[in-house]
Amino acid sequence: MSARLVPPGARELPALTDLRLEVRAFLADQVAAGAFVPHVDTWLTRWDRDFTRELGRRGWLGMVIPTEYGGQGRTYLERFVVTEELLVVGAPVAAHWIAERQIGPSLLRYGTEEQKQAFLPGISRGEVVFGIGMSEPDSGSDLASVRTRAERVDGGWRLTGTKVWTSGAHEADAFFALARSAPLDPAHRHEGLSQFIVDLRAPGVTIRPIISMGGDHHFNEVHLDGVLIPDERVLGEVGQGWSQVSSELAYERSGPERVLSTFQLLAAAAQAMDDGRLPTDPGLGRHVARVAALHHMSFAVSTALEHHEDADTAAAVVKVLGTTGEGDIADYVDTLTASGWALDEELDTLLHAAILQRPGFTLRGGTNEILRGVIARGLGMR
Amino acid sequence: MTDLRDLAEPTTPDPDLVGVLTDLFADYRATRATPTAVVDLDRDLWQRLEQLGMTRLTGRESSGGSGGGWVDAAALLGLAAAAAAPVPLAEHDLLGGWLLEAAGLPNDGGLRTVCRPDPSGVALNVTWARDASRIVALWEDRDQWRVADVPIDRVAIEERRNLAGEPSDTVEFDLDDLENGTVVAHEIGEQFHLRGALARSAQVVGAMERVVEVVLAHVREREQFGRPIGRFQAVQHLVADIASETALARAATDAAVARAAASEWRDPGMLFAVGVAKSCVGHAASVVVRGAHQALGAIGTTLEHELHTLTRPILARRSEYGSLQDWDETLTALASSAGHDRLWTLITTGRAKPSSGQRPPHDNA
Amino acid sequence: MSARLVPPGARELPALTDLRLEVRAFLADQVAAGAFVPHVDTWLTRWDRDFTRELGRRGWLGMVIPTEYGGQGRTYLERFVVTEELLVVGAPVAAHWIAERQIGPSLLRYGTEEQKQAFLPGISRGEVVFGIGMSEPDSGSDLASVRTRAERVDGGWRLTGTKVWTSGAHEADAFFALARSAPLDPAHRHEGLSQFIVDLRAPGVTIRPIISMGGDHHFNEVHLDGVLIPDERVLGEVGQGWSQVSSELAYERSGPERVLSTFQLLAAAAQAMDDGRLPTDPGLGRHVARVAALHHMSFAVSTALEHHEDADTAAAVVKVLGTTGEGDIADYVDTLTASGWALDEELDTLLHAAILQRPGFTLRGGTNEILRGVIARGLGMR
Amino acid sequence: MTDLRDLAEPTTPDPDLVGVLTDLFADYRATRATPTAVVDLDRDLWQRLEQLGMTRLTGRESSGGSGGGWVDAAALLGLAAAAAAPVPLAEHDLLGGWLLEAAGLPNDGGLRTVCRPDPSGVALNVTWARDASRIVALWEDRDQWRVADVPIDRVAIEERRNLAGEPSDTVEFDLDDLENGTVVAHEIGEQFHLRGALARSAQVVGAMERVVEVVLAHVREREQFGRPIGRFQAVQHLVADIASETALARAATDAAVARAAASEWRDPGMLFAVGVAKSCVGHAASVVVRGAHQALGAIGTTLEHELHTLTRPILARRSEYGSLQDWDETLTALASSAGHDRLWTLITTGRAKPSSGQRPPHDNA
């Protein structure tokens, strides 16, 4: 046991900073040109295929995909700074988010050569858009309870079941679906699961919107009615779906999108305090400090992942603190804001969006209750 | 033994009234449409409330009101908020109707909202403005407070919506219409902000109590890892916390309502009492909204779920009639002015100084 | 099920306020005369038999004890306002606290006529000082695990075991001890417990100090080595100790001492803000608001108890919110205070004492973890 | 693929040094007396540290120091704090020794503490003053910063103790002794507060990491209701929270130390970096101290238990070199000055404006 949950820090060197500044300058130009309006939680809510393709053209997609598959062959650390810069400016990155974060790395690790050739170049160009199909009705945080069935048929599998909370499925080309390829053994619930690459335009796929409480359509129910998946679209090993999915969790949980979803609101609040539209209050400094510390912590985790060190617990720490902080920023700015006092369109728009998105921050990708259990396990308590 | 009735007076609303309203809103809840992101006035419900005398509950009987007091009115606001009923009870009766009476202006019963235009005649975030037949305006004019009852067709309305999706419009008055406002007593101008703040507190507490019920029902029913999630200690503590904060907000609000009712708002401690309510309600809102959505999980973020019909108005209303920060600053000023020796007197009487009167800051709701 | 955890409020009427002002004026005179120095957490840490006897002379002890037993025959509401006034001014009330809060009411409910005659008049005069012996080494929040044995002997019982955290035992005359009078039945752990009135000067009683982290002596270990308890000093019914103890919990948990332990620090901070020795900060208003609301809530619970209504859940709510708030006040003032910046003897003394006492606030009388479970049960979740 | 060494530089202390210190403090812990409420300098431990060159770890080798940097020094401070070692490492070496070198004054190695006397020659809360042979004073004299190395017998000391029970004395200088102080560069005066604040952060983090270990050991061993309390979900979450806050404080402190070491304190972003560390450490302290005592229960409040030898210094030190509120205000000023467009630049570089320098407020530690 060690009380040290998070790997030692590292200092960013000029080669990384130069990349950061290059991305930052491009994004400032884009904002100035009106190519996008900065917003909150854009990795879920702002979908722009043109912008995504432009990033691909500039070499900022497929960052960790080797060049032989059309990627950039760069490091997780370089991807980290690109990701941070995209998020803080509130750029529309939803279209490539899932592919860039987890589909690409999963294909690299578990995909066949044919699968890599089929998908990675398109992902790196921002042309192939992926979703992810994990959750099911009533599964919640208990992913092992998925009930989507994969039945063996000649030359492949037939998938039947329903996936929910599939963000962007109505716009995406394909998704990874976790399904039960062998009957449930209650004593070994994590066995008998497999991952499949599903073409979302295949026969038998029906996509229905789930409208969020603010009236927006980001999520979907994806019904799979005997969808035929050829053998060459099984990802990795049949029956190893659980361990494949689990191995990606540190990447999924420790990224800057668990810290920066409301950064544009924080920045607008800093401006409003400077302008006298919000009262000066030490809470701003407190939140800025936490974001800065999480930036360091998230970077430390990326460094560890780059070195192939185990960082599951550290990733859980980043996600718990980061997503809590994202939501606290929304609530904090809300407590400073008086209705009827002054009209601040930009701040109001960001604040309302942040409040409406907030409940998801500490639920998606593993609830904070589950993750605090993961941390307790990392501390040797379970 | 001392007679208990000489020591403390319970302040509970008329049980018959509560019974009627409970039935009414249960019926409303059972028959209303699925939730929407944009919320408009429910004129049918308004008419039913009107027929029961609820839309002018606190108006004088001589002017067509029901002659009720703040204790009953707060109960009405809370029950309506728990049902997420889109009706301007606070604006129309407790604020608008009251201002008309204070100004001696006639009240035809037509739906009203209220606001405080700035010197250029503009008022921001005027709830339900587009739905009103007239807007009761209150403003300060060279140390005098004035009231006018302006027909809707005399104002320009820019339609906007608040976080709850309700109309919360920008209203621009013709300055001519404001010129001949009726002068009202100084205390009216000062009370307006407090009455608005306390009405909002009563609404938020009512909605939070309903949130606790929704959460309890969910955690008993929803199963994960093979048992109801309410069996997990973490969920139990989370729910205990939101229920406790709601109870504290209720205690603070009831105390302010009781003081208002007993003194007909003349008690100099009303600023403190309303501040305590607004502060406790506002901080409770942070805990309750976050905790409820966390307990409900993704399903609670969907448009069709009841939860957001409560949590969105909770947050929208806690920032009306002063932000949470404004009220904490007001209380800080009162507490530091009371100082070491009178802090407890402030808490028990609401008075920071032996003879104090203090205006709230930023009182331009 | 109802979401309403706390009984409806009630408004204090002039008869109560007059009593409040009478006590307040007396205490202001005492402070002015230097009879005591206001402090924090005085119901545990400030022991003054002279002051206690003076309260007895003025009729502010034995408030709910009938006049035939030397008490005042007044109401719980009247006791409530006296208690509040004593606590907010930081008066030295430890010597009579336990007797006034729970020993008197327990004797009234479960005591024999002889016991009432023997103890209540002295309690009401502030001359007989009681402690309470519940906790044992390793028992913690699990009171049913007490191991002190009561063995039947001719004409009485012999008690053997160790009680810990007995506040004031080194100064007190007697204490109530909970002991196991029948062997433990694991299936019915709450049975077989009895309460005994133990003379702390009896042979076989040894009292050893437990020194607190600040170096103070408030707590003790009380070793009982075959202490003879005559039959007439059994409290209530043999074997009913658990239910007797449980029935008093609402009284023990909802009182103003669960809210006001750090009130003197809050008052000093308000003064320091007014004087410019602390920065003006909205946190002060927030804490004052919570204290005010808890004052109303605690009064509401007292009203319910006066009417013999069940208030166990409401009392748990008061204790969780109140004791958390007491500690938050200490931490809050600490975050405003810079070492080396200004010398403020009074504030420093109160702040340091509050910080050192703070851990106990949310532990004593049932930890907040236990109490949140009680609240969850009240909500029908367990 | 890019060479990782060009992208990021790990900033970890010398493992040999850490090994030596770990053994030393393990030995110290094993042999020290039971905890006391009042804590005095441990001269034996000080001598052992001196023999290892640890008491002047960061001093130049030319003037008798060990030539170490801030990364190693921060590790030393953290390990000493985890062992609750009552030795003035920060005062003597990182602050006092540094000031003497900056002023070109000789350093005889005698135990020193530091302070900033006010214009009347008085300094408050000077830790370990009574134990020092000389006190290094720093003060501002008509826009110039001056340093003097004053023998202990030339000052008047009023003995006081801080929350940790350590000496924290009021020191009164003879103004004559201050008159002829040595002028030092302006940056020295400005850095002093930052160096003090970062040293305190490193100490508090070290102590908090030990608190997490103490808590973990306790919750694994202590049983209630028939099982280790660490099996209860509420306890697991509480411990996860204190460990997470400690990790965040560690990340913030390490980042500031790395920046200080890489730039030898010349980076204009040091004010922000230190502020981030002080803020995160200070807020973590609230969570960690409360949570640890709650997890330990009554036993953790007893004099004989190790816990308070950590929690009391944690709270004492977080209020040194600026209160938590002071630092949050400093960060607020930097953030609002950076504004919308430069907030992220502030976070990544520490600079609010393209060319900014800013003094901390209340920097009279």
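When the chains are written out, they are named A, B, C and D in that same order, and each has its own residue count from 1.
What we mean here is this: a residue touches a chain if its C-beta (ideal position, glycine included) is under 8 Å from a C-beta of that chain, and two chains touch if they have at least 3 such contacts.
All values derive from a computational prediction rather than experimental measurement.
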Item to check | Chain-contact steps, minimal, separating chain D from chain B | outcome: 1
Checklist entry - Counting only C-alpha atoms to place each centre, which chain is farthest from chain A? => result C
Checklist entry - So which one's got more C-beta contacts, B-C or A-B? => result B-C
Checklist outcome for this item: Distance between the CA centroids of chain A and chain D (whole Å) is 37
Next on the checklist: Roughly how far is chain A from chain B, centre to centre by C-alpha average, rounded to an integer in Å?
Outcome noted: 39
Next on the checklist: Could you work out how far the Cα centre of chain A sits from that of chain C, in whole Å?
Outcome noted: 51
Item to check | Where chain D touches two or more other chains at once, by residue number | outcome: 232-235, 237, 325, 329
Next on the checklist: By the touch rule stated above, which residues of chain A touch at least two different other chains?
Outcome noted: 281-282, 369, 372
Next on the checklist: Chain contact topology under the given definition, line, ring, star, complete or other?
Outcome noted: other
Item to check | In contact (per the touch rule at the top): chain pairs | outcome: A-B, A-D, B-C, B-D, C-D
Checklist entry - If you look only at chain C, which of its residues touch chain B in the complex? => result 1, 3-6, 8-13, 15-16, 20, 73-75, 77-78, 88-89, 263, 266-268, 270-271, 273-274, 280-286, 288-297, 299-300, 303, 306-307, 314, 317, 320-321, 369, 372-373, 375-376, 379-382
Next on the checklist: List the residues on chain B that touch chain A in their complex, please.
Outcome noted: 36-38, 115-116, 123-126, 162-163, 165, 168, 170, 222-225, 232, 234-235, 282, 286, 289-290, 293-294, 297-298, 300-305, 307-308, 312, 315-316, 319-326, 329, 362, 364-365
Next on the checklist: Can you tell me which positions in chain A touch chain B when the two form their complex?
Outcome noted: 135, 138, 140-142, 164-165, 210-215, 279, 281, 327, 331, 334-343, 352, 355-356, 358-360, 362-364, 367-369, 372
Item to check | List of chain B residues in touch with chain D within their complex | outcome: 232-234, 237
Checklist entry - For the complex, which residues does chain B have touching chain C? => result 1-2, 4, 6-12, 209-210, 212-213, 216, 219-220, 230-231, 233, 235-237, 239-241, 243-252, 254-255, 258-259, 262, 272, 275-276, 279-280, 283, 325, 327-341, 343-344, 346-348
